[in-house]
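Have a look at the structure below before the remarks.
Chain nomenclature is as follows: A, B, C and D, assigned in order of appearance, with residue numbering initiated at 1 for each chain independently.
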Amino acid sequence: MAKKFRVGILGATGTVGQRFCQLLENHPQFEITALAASDRSAGKTFVEACAWKLPGGMPENVKDIVVQPIEPPLDCDLVFSSLPSSVARETEEAFARAGYPVISNSSSFRMDADIPLLIAEINPDHIALIETQRVKRGFTKGFIVTNPNCAVVSFAPPLAALHRKFGVESVVVTTLQAISGAGYPGVPSLDITDNVVPYIAGEEPKVETEAQKILGKLTDGAIEKADFSVSAQCFRVHVIDGHTASVRVDLRETATLEDVIDAMKSFPSLDLHSSPKQFIQVLEEPSRPQPRLDRDAGNGMSITVGRLFPDNIFDYRFVSLSHNTVRGAAGSAVLNAELLASKNMI
Amino acid sequence: MAKKFRVGILGATGTVGQRFCQLLENHPQFEITALAASDRSAGKTFVEACAWKLPGGMPENVKDIVVQPIEPPLDCDLVFSSLPSSVARETEEAFARAGYPVISNSSSFRMDADIPLLIAEINPDHIALIETQRVKRGFTKGFIVTNPNCAVVSFAPPLAALHRKFGVESVVVTTLQAISGAGYPGVPSLDITDNVVPYIAGEEPKVETEAQKILGKLTDGAIEKADFSVSAQCFRVHVIDGHTASVRVDLRETATLEDVIDAMKSFPSLDLHSSPKQFIQVLEEPSRPQPRLDRDAGNGMSITVGRLFPDNIFDYRFVSLSHNTVRGAAGSAVLNAELLASKNMI
Amino acid sequence: MAKKFRVGILGATGTVGQRFCQLLENHPQFEITALAASDRSAGKTFVEACAWKLPGGMPENVKDIVVQPIEPPLDCDLVFSSLPSSVARETEEAFARAGYPVISNSSSFRMDADIPLLIAEINPDHIALIETQRVKRGFTKGFIVTNPNCAVVSFAPPLAALHRKFGVESVVVTTLQAISGAGYPGVPSLDITDNVVPYIAGEEPKVETEAQKILGKLTDGAIEKADFSVSAQCFRVHVIDGHTASVRVDLRETATLEDVIDAMKSFPSLDLHSSPKQFIQVLEEPSRPQPRLDRDAGNGMSITVGRLFPDNIFDYRFVSLSHNTVRGAAGSAVLNAELLASKNMI
Amino acid sequence: MAKKFRVGILGATGTVGQRFCQLLENHPQFEITALAASDRSAGKTFVEACAWKLPGGMPENVKDIVVQPIEPPLDCDLVFSSLPSSVARETEEAFARAGYPVISNSSSFRMDADIPLLIAEINPDHIALIETQRVKRGFTKGFIVTNPNCAVVSFAPPLAALHRKFGVESVVVTTLQAISGAGYPGVPSLDITDNVVPYIAGEEPKVETEAQKILGKLTDGAIEKADFSVSAQCFRVHVIDGHTASVRVDLRETATLEDVIDAMKSFPSLDLHSSPKQFIQVLEEPSRPQPRLDRDAGNGMSITVGRLFPDNIFDYRFVSLSHNTVRGAAGSAVLNAELLASKNMI
């Protein structure tokens, strides 16, 4: 049995931090050895510091770890970060500079030209940006890799399947996002019970820009962004986990409905520990995908797509869904780390 | 004080039927004198027959009315109908033929060429179709007038404001619809708690066709439908009342954001009992409109619009909201009846 | 038309403060002339300072009032207070000392021996404590009057009806409390969606002690508490407004079910502006009372009772319900002010 | 590897039937070989007949089984039944008479004197009633064993722990029950959103009688019921899974709080496949147990208890919780079958 990588989690007590702990509980390659959180938590054991909010309870292996301040050094080989963007920029760079691979779920660096914005199945070649990054920022051993905004992840995979085969020209997406995306305490119950909120601070610009980078082409150590427009309207709805996207798309090349379905179904998965068997599942039932029934598909790592039809104005329309704190956050980061490990980058 | 019109309600025990009773409780022009419902209810008093589901309780004036079978004659001057579409077609025609003005919320006749599909503020001139209708169907005193699908009402008013001023070329709408739209028992709680359902049977085709008729031009006793395309995706969300629409629109003429806001705000209201002071309210707060906070604007008869911005792909985007069982159903029908009364049509 | 009392609201931007504004919008006796809130809000107009969360929107008459710091003097004849208990004690006493009648919804003074804990219909004679209070605290014109905890109000009225007629010996109450009781932001949506929380900080002791004072006897300027025991378990449930209480009660004297129903129904209401016609409504339908259907009974000022049966262990059991931010908070305070005004105390 | 028992499920398409399929998917002792449901479903494959409502999707091994009518013979060694009580009595007896062990979750036979009402950890000796039953009803190979009402299961285990050690004299229980307990379509969303319903048809009498039988003593082939009174008020709350019970209890012998906690914690679990490691978990956090966080404890087979305190009127009070469709229904039945298998009864 191989030696496991020792992992630190930055922002361990938050919603995504807890999901990291849960996903890494019995992971064959990673073992949590350090937990870092805000000053208020530092010095306490994790079980004292963290108000655990996930069903199933806190994993035994992290309960007694003493929470540390969020600064290097930490006793680990790499760090997963789910820091709020207000502190992520400075802190993550400090960890990278101190030699740690930083696998980040934060938004701070996502759109920086030298930072990979990875969905492991879609643009693994963007890892090459790490070299550019090291040169530019003077990192030696460390680096920063990010995963996309959780709402982007809910539709980027089917979009990638279409872009790869037929070219995407424009995308209109309306998202129905889960409350867990706002962390804890997050959305007040008085705001979302018997209600919908048509606004998530800062979300629409992220959704309108990240996909073009993810689907961009790596040339000479830089990403040339994909040339399509995105229009995004983002809503908070009363769902615990699972972001739903209502999507219309225009393609550059003609494609039949069968072609489109096939492009999605045949999009290859990876052979990594957290990879789902089927990356994109296309459901035929007229009322699917639904967050409560489908968010856990592929252990929360599959994207489910349904209601795929020709559209009156665009070429096609569909509904896609992903688990926002698994595939849309902690799970994507873990998969990115597995990808990097498979390429001996950590 | 003028004599009141005597009103019958077809489908009185249902969700919309109850809303009719509530809206007509103290109405200055209408007085409920007959309630008709399915055979199971007929013969009982309304208080025995109806499981009242609206806050505030059953109005006193209807409690002791004995429910009758849904067939003419009824002791009234006109009927409001909220029959399920399976029975509406035959029954409503029978009432019209028997001489009753039928103000219907059902979908059965909406798209028939000789039936007005009315939003009182938008296309009151379509009432002229009643003449066509009488000739074609051999009605003498009676007639049928309908109001649109509740989801259509959530965005048709701002669309009408834009169409009148700048011409609409295409519309993409994604609806987030309330559970009350499905009636009672309607949506099982196991289906909508912690969930979103991306499917409402028969809804998307209605949303994609009704607006063009409403905004159509009356020429020689017939409607020429407005020439724009609609793409609709319809979702059920966990909201009790209030349909939200996420809208993108392309216009035929150039319009500044200020023009667009002004077109909506200045769309005239009517001077009828149920008319709101402001037909279309444009809200500036970034997180509005919200169903729980805004559905009751103008006593549930105003449309609230927010998040009105230029769009990356279309000319503009916005979010609009209406109360689906008031403005989107019973309230619209009552307003239509008030309009007809003001024109001495009943 | 009589001159209106000029009213200040302490804690105006909170959930209960907003309810005060709503209830006083068209009040015949009171007119809001001052709004006070935390330093963060002071100096702004109310419309700028307050994130309004009640359906129907902010009343026009308060929008442009400039929010002031929470300290005397304020430009008004009396103050309503919904301050958090952390600051209420000191601040309310300061207002009373400065000559203002303080009608408080806060918990700070409720159990002080010289402070009336009023439900206007139940113990109006306790107003006499104001004299005791003035002597003890050296108030001249000012005084403090409180209303009970919102959970207590959900069952104290039927309890009072029974106590007055038959004597209460012991009460077991389990409360199912609405999220609005925790204010805003209050209960995180992640805590209450698909969930019940069996704990509300500090609540059970309040529920176990306040009723005995309310039902106590005034003798020689002091309250002799009623001699019964209360056992309370308090739950937060996923309801916006409306606290439900599951109650068992042992009586000192024998009473038939008919006696018990009659005692509740015949408990007299008052003849004040905010008094409901029927203080305690006894519902016969097996599935009532329900928060969504019954909280607005009597404009939110009635208590609804149902499922009243003999019990296997206690004499009787029943379910009672009140609107927690109306009858359980702002509405009770307004009614107390009306009572005091009717007795020329303000 | 031992040969597995071949299992049939009566009422397979319902909420509990689906849970049976899920729990038996990879069971080491049982294998589903027959699915029976109403005439509407019979003849279709399970995947066609059943609207699957549990997260995670329908197990592969049942998808292609052709649903049969609910009558013997079925191709299996024993049957699990979750039939509605209207048909359970006749049907289950027919299966038992035809030689099948019937492990039933239905209420029909629970209180019959010769039918074991089993919680495997509590009264396994009641299995001896099967002999009485065979004699009385003329069964040869077959028999009927039942598990309790789901609400009873939420508090009977801690009650059993106390009864065994100290004797229980009386119990007051108020239940907060999940919507899944009503099956599908079950509770309309309009009834439970922003609401609590204080009534579940037929529930309170079950809760007030079943515990005494479960905790009764087997003497001469008959159960002498435990001699305590139960008072039950049952509420439906907006929770998907997990029944919460608010309990007060009087004991016959004196017990310290420590004694009480110890009695619960030390109540032995069994060594069967579905047994949780800890039958009764006593939680110390003040806000636990909560359905969303604790219903899955012990894979949904543990009972969690919290807020255990001395009470003002009774000796002790506490809150207990169980997963109503696992421990409260299908899981209990499976555990009963494992118990019977371990005793070579099937």
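To be clear about the criterion, a contact is a pair of C-beta atoms (placed from the backbone, for glycine too) under 8 Å apart; a residue touches a chain by one contact, two chains touch by 3 or more.
Since the model is a prediction, treat every value here as computed from it, not as a measurement.
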{"item": "Classification of the chain A:chain B interface as same or different, half of numbers criterion", "value": "same"}
{"item": "Cα superposition angle of chain A on its copy chain D, in degrees to the nearest 5", "value": "180"}
{"item": "Farthest chain relative to chain C (centres taken as mean CA coordinates)", "value": "A"}
{"item": "Centre-to-centre distance between chain B and chain A (centres being mean Cα positions), rounded to whole Å", "value": "42"}
{"item": "Separation of mean Cα positions, chain C and chain A [Å, integer]", "value": "47"}
{"item": "Multi-chain contact residues (two or more partners), chain D", "value": "53, 193-194, 238, 240, 292-293"}
{"item": "Chain A - residues contacting chain C, complex", "value": "15, 53, 179-180, 184-194, 238, 240"}
{"item": "Contact set on chain C toward chain D in their complex", "value": "170, 172, 174, 176, 193-199, 208, 229-231, 233, 235, 237-240, 244, 246, 248, 286-293, 306-307, 311-314, 317, 319"}
{"item": "Residue numbers on chain B that touch chain C, as the complex places them", "value": "52-57, 193-194, 292-293, 295-297"}
